Amino acid sequence: MAEEKLNNEEIKKEEDNNNIVLSKKDIVKSFWRWRFFVQSNYNYERLQSTGVIFSLSPVLKKLYGPKTDEMSEALKRHIQFFNTEAAFGGTILGMTIAMEEEKANGAPINTDTINGLKTGMMGPLAGIGDTLWQGTLIPILLSFTLPFASQGNIVLGPILFAVLHMGLMLVLSYNVWMFGYRRGREGVQELLSGSALPKVMSFAQTLGAIVIGGLAAQFVDVVSPATLNLSSDVTLSIQEDVLDELVVGILPLGITLLTYYLLKKQFKPTTVLVILIILGAVLAGFGLIGTAD
Amino acid sequence: MEIAINPIQAFLIGIVYYLGIDGTPWITHLGNHTWLRPMFNGFIVGIILGDPVQGTIIGAAINLPYLAFISAGGSVPMDPALAGTVGTALALGANVSPSVATTMAIPIGLLGTIIWIVHMTVDTTFVHMADKAAEEGDIRKVNILHVAPPQIFLFIISVIPVAFAVYFGVDAVQWLVDALSGRPLDILSAIGGILPALGIAMNLRAMNGSGKLIFFLLGFLLTAYSGLPILALSIFGAIIAWIWTTLDLKGEY
Amino acid sequence: MAEEKLNNEEIKKEEDNNNIVLSKKDIVKSFWRWRFFVQSNYNYERLQSTGVIFSLSPVLKKLYGPKTDEMSEALKRHIQFFNTEAAFGGTILGMTIAMEEEKANGAPINTDTINGLKTGMMGPLAGIGDTLWQGTLIPILLSFTLPFASQGNIVLGPILFAVLHMGLMLVLSYNVWMFGYRRGREGVQELLSGSALPKVMSFAQTLGAIVIGGLAAQFVDVVSPATLNLSSDVTLSIQEDVLDELVVGILPLGITLLTYYLLKKQFKPTTVLVILIILGAVLAGFGLIGTAD
Amino acid sequence: MEIAINPIQAFLIGIVYYLGIDGTPWITHLGNHTWLRPMFNGFIVGIILGDPVQGTIIGAAINLPYLAFISAGGSVPMDPALAGTVGTALALGANVSPSVATTMAIPIGLLGTIIWIVHMTVDTTFVHMADKAAEEGDIRKVNILHVAPPQIFLFIISVIPVAFAVYFGVDAVQWLVDALSGRPLDILSAIGGILPALGIAMNLRAMNGSGKLIFFLLGFLLTAYSGLPILALSIFGAIIAWIWTTLDLKGEY
Amino acid sequence: MAEEKLNNEEIKKEEDNNNIVLSKKDIVKSFWRWRFFVQSNYNYERLQSTGVIFSLSPVLKKLYGPKTDEMSEALKRHIQFFNTEAAFGGTILGMTIAMEEEKANGAPINTDTINGLKTGMMGPLAGIGDTLWQGTLIPILLSFTLPFASQGNIVLGPILFAVLHMGLMLVLSYNVWMFGYRRGREGVQELLSGSALPKVMSFAQTLGAIVIGGLAAQFVDVVSPATLNLSSDVTLSIQEDVLDELVVGILPLGITLLTYYLLKKQFKPTTVLVILIILGAVLAGFGLIGTAD
Amino acid sequence: MEIAINPIQAFLIGIVYYLGIDGTPWITHLGNHTWLRPMFNGFIVGIILGDPVQGTIIGAAINLPYLAFISAGGSVPMDPALAGTVGTALALGANVSPSVATTMAIPIGLLGTIIWIVHMTVDTTFVHMADKAAEEGDIRKVNILHVAPPQIFLFIISVIPVAFAVYFGVDAVQWLVDALSGRPLDILSAIGGILPALGIAMNLRAMNGSGKLIFFLLGFLLTAYSGLPILALSIFGAIIAWIWTTLDLKGEY
């Protein structure tokens, strides 16, 4: 009953707004703008934020017209912090387009809903996407083509790598984008009432957190080369004899959690960057840390 | 056979580097990620210097230590694109063996992180300008700010040093590498080793969900103790996430 | 109150039916028929189904009489797909007998309840039983007796193995069978109202699934011996350099899931068998798969 | 000392094989599983041929590669009963050493899977006949169909080939083995390697319970990555199952 | 409403009792009595029970006066079985003081509540405390100072160890004690209504059980050195070829569970001690068990 | 240089041992745990015998096998305090090398468990006396019973044997050790190996919480199979406990 009423109301509102419908061309155009320009202005403060606007540009122009209040709202909405893995995370942009479309046509979607979805999904999809793309697909492709390249085989080396990498990833990211848009359209009702979404979100968030943890363990690379020369023949290795006995990976874990803590304390990323560089320089300068090589 | 590198070639090689930076729009973001692999940009540098086969061979050698290279959350712990372009050019120019080229390429790659950090820091100013345009609802201006100033700036700070390096050649670079070797290089690589923490922590901060830090810790420790490859971890992670989600949301929706 | 009423009703019905009670001899006879004949007509379509009927035969005859409608119903009930590990799974048959007895005496038990129990428990007990019996007990007994046998010691070799194996397992399977019958009798009320059973079922199903997964990992044996000879000195092993880097055991896992998928798609087991044989022959013929030896 | 095998002995050895097939009713199902071990049927074959000690020794040698043999869901990846009976008979007959007997036994064991597959396929016809009898409530007929036709058929296809093989002796079998060795044998063992998937998948399909596939995957990956023995896995599995059940059914009953 | 009333009642009662307030000095005195005398009368039956009374002595005297009925009640309350790791577990004593104080001043706290808290927390804190203190901190301190000691360096060897060990642990145990007292005071209300406590308890109990399991695996040390000499060249090692193939650590696990079972069956600890000694002597006498060295 | 140990020194060394027993009140409970390490009590024995440096060196050697010594739930699987005091005294007295001292110290340490067991058994009588005092509300009496009788008793059974052993010296102890070596020592160490089970089981019995035994088993098996150090186990354990608690108490409070 209540839902039916909602539907009726919406339909009325949609009629009032003369129902601006996006064409497939708009969605596709937006996709290509994303794939080319996602990180043109990549920066430590907001990362891909202006990339989002650049990509949504054809959509927003059509929905809100230039220099209107609604456009201003939309721009302020999307200029916030955003960062994800561009291929898999594209699905969020697809959904966002669908939500903007519904919103412009009067559905009761507010900025919080859109931002909730964007920020809720960007992290998990960054973790999962980085793992599947940079962490899995590229190493596989390289391990197939690199041997040819080292024999001087141009075709089965660099060219095959380029074709496979870009071919596979473009097909994937295009489909993922369109999927996001379609699910977004079908799902707005569902999203608003909330049935499957919380499960998908919770699953993605949990998996994302685990995977990000795994990435930290693999790619933050700090060990202590320090030793205590206790006598002519007794040497204590801080890394092996102390730290590894406590918790394997305690240094990278500590550094990552410290960084996280600083960001949580509202330090700007550029400040944190400087802190990390100084910390690294000082500790390495005294020979207390290094890489595992 | 030694190849003398002329100014135009040096400039072109600078552009090869610029195109291999994660974010330059001309060849798509996926294009960057192809182009930044030494195997590939070595091949392009080879074309410019007239010996693509040899360029590919050298590039492939330089590529090896970057096999598992990953950039997460905007962190670049080392720069394979710089290692590949400069390394290949010098190796072809000085007729140096691939293995010597690789040895030189590692410190060079570390220097690339400096260029990356500078550009990601400077770009914050353009997003502040964009804030004003957003206030006015001026999407055209936001779009221009998104592309023109950052890319012009990036072009300058990436093309010039590379062009100079490959033009003045192996001796100049060798001098630089020598000057760095030892403690300075150790420091640079230590910094490169901890910087991914920034990207990962930014991603992590952007995430929500109950138990986020707990599951982060779990993923970290599982990997640290088991040495699981990342794909296997993510399958185990998916199982755990499914169990957690099923039980945590039980009876809620 | 409601329960009391139920009890009264039952008692009345039981009186109406003159209360056919099975003797211990019936249960034991049934047990031996099972232990001897369980797989006399073992087949890809229904596996132990006629074995179940052969085993329950004395019970069914007593309860329903020959060629009655009720007998026909009972036969059709039990000729369905059934497969379990015969020793541990015997407990299901014991319970089934108890349920048939109650049903024949008027308890409100329908075909669905009986089949639910049978199909719910047969899989878990197959996984758990195979693990404990074939996967654990037999290897232990063999590792004790085989060394004697290889010295030509007949008594401490084959004979001791036979005695221990059959002795232990018969004691076990007899007790498990009787336990099933007793629990079934006591528990019918409980089963119908449902308190402990769902927990036991869920536990058994979860454990069963995990254990079946472990069996698959150990006993499905496929690796790829293929290599890519990239040059005179560079060889890429598909198994070690690619597949193992992705997911250890990806081939056996893939084959098992494919088989499962085909069965789910209602392919007949014999069809799936043919598909697997052809698949194996073709892939092995091209040198793409082999056993790990 | 070479033992000449006479037709009666050959026939008896055929019966030994028949009794070691999982499902023949005469010695119970557990009896089959004792009897199918080469250590045991080698001993019996030894009795028939007049040298039980030597039969046991050879059988034990043949048994080794089948130590961890398992049959799940009706899948028989290889046939230790055939390997044991024929292998022992030939070794005693030709006075071949245990290790040679073992070598020959492996391909023979693979051939046994063919007999198994044929019988499990043909048996489906008898269950269809039993369907009709069930419709009529004729339990006697179902019982007869359950025993007589399948066992007569199984007797024929198991006794005859074995009797022939051991009567015509090592040369005939050697010829067969030679004919198979190389690619054909590889194919047979590859098929033997994947067939357990059928049994496991049938068991899996027969299971219910939420998250069945997830837990299957978990069991698989835990085993694949840790190499846990199956008993240890099942203890860990029981812990996981307990936790899952407790939480999943919380407040439901 | 109901809660408000409760509060009012309490305040009234407190007034009636003239509100005996403990001074900080009492709490600190109690702490030092604990740290010195916790195990003066350590025994197999009640372990630290009289140590608890000795420690709480100044508090109990102040609250209940000598030889009163209330004192007798308090003594009987605390002479029950108690055992924990003294440093971390001190937090329980801190909380207990707070609860005794409230109780003496009329809060509706009964013996069961106090004992529930004490026995609920002592086990987990024993497991966790032993792990962090004896299992982690001491080995680390030793691995730093022992090398100096073996060079004859008295200062960086034994003395540094003593200073660091006692310094760190006293600071820790003092703070943990005071924390317990403060949380106890603030939390009595909360404890009684129950919101955070159940979570903390459940977490501590679960973690404690896991950690105790880990301690058992590391510190119960039984293996079987027995072998079966099957022939001149075939030897079967019971430990490696049989037990380890079943479950790693099956002997220590079995011994621990047996001990637990005996205690559960109300055997006195001294009886169990004797059983273990006899069992160990007999089994080791026959060469069936030994230590892993 | 051999040091002759006089009766007073022997008595003092007996006291050193007494103070290193877990529970003597004079130097705090933490003090006991410092003092019971051979590195430390060797140093004190060295002071008494006039050579603290040598005492420390010998003590450090004896300490090595006790690096991971733990006492849980009142179980003392071996006695480092006895090993350290007697071992150091004998080594200094007989001018024995540290490694010989260590070899002798191990069986001595095992004898210490006997003293411990006796005192923990006898102390039960004092707690029964305290029960009566508690009934009467007589806290003073409970306090006295808590300290005086158990400590007097402990003083006697610890000081006397040690004083005798170090006074009569290496030959007497060697005789004892010889008499024990072989089977008796094996039996003593086997008993020492299983006694921690008592302490752990007492702690376990004192715990509550649903699934206690399940989680105990989990902790045991994780450690047994992975060899995880105890701190790492407790982090994994905390993650598991958090997940369990969150889900188990869901919606209850």
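Points to keep in mind about this one:
The letters A, B, C, D, E and F name the chains in turn, as written, and every chain counts its residues from 1.
Operating definition for what follows: contacts are C-beta pairs under 8 Å (C-beta built on N, C-alpha and C of every residue); 3 or more make two chains touch, one makes a residue touch a chain.
Owing to the predicted nature of the structure, the values given are computational and were not obtained by experimental measurement.
Where touching is counted per the definition, the chains common to subunit C and subunit D are B, E.
Across A-B and A-F, it is A-B that has more C-beta pairs touching. Subunit A and subunit E have CA centres that are 47 Å apart.
Inter-chain spacing, taken between the CA centroids of subunit B and subunit E, is 53 Å. Shared interface positions of subunit C, i.e. residues touching 2 or more other chains, are given as 136, 139, 143, 150-151, 245-248. For subunit B, residues that reach two or more other chains under the stated contact definition are 211, 214, 217-218, 221, 225, 228, 231-232, 235-236, 242, 244, 247-248, 250-251. Each chain pair that touches appears in this list: A-B, A-C, A-E, A-F, B-C, B-D, B-F, C-D, C-E, D-E, D-F, E-F. Note for the complex: subunit F touches subunit A at residues 229, 231-232, 235. Touching subunit A in their complex are the following residues of subunit C: 228, 230-231, 234, 236, 241-242, 245-246. Taken in their complex, subunit C has these residues touching subunit E: 136, 139-140, 143-144, 147-148, 150-151. Of all the residues in subunit F, the ones that touch subunit D in their complex are 210-211, 214, 217-218, 221, 225, 244, 247-248, 250-251.
Taken in their complex, subunit E has these residues touching subunit D: 245-248.
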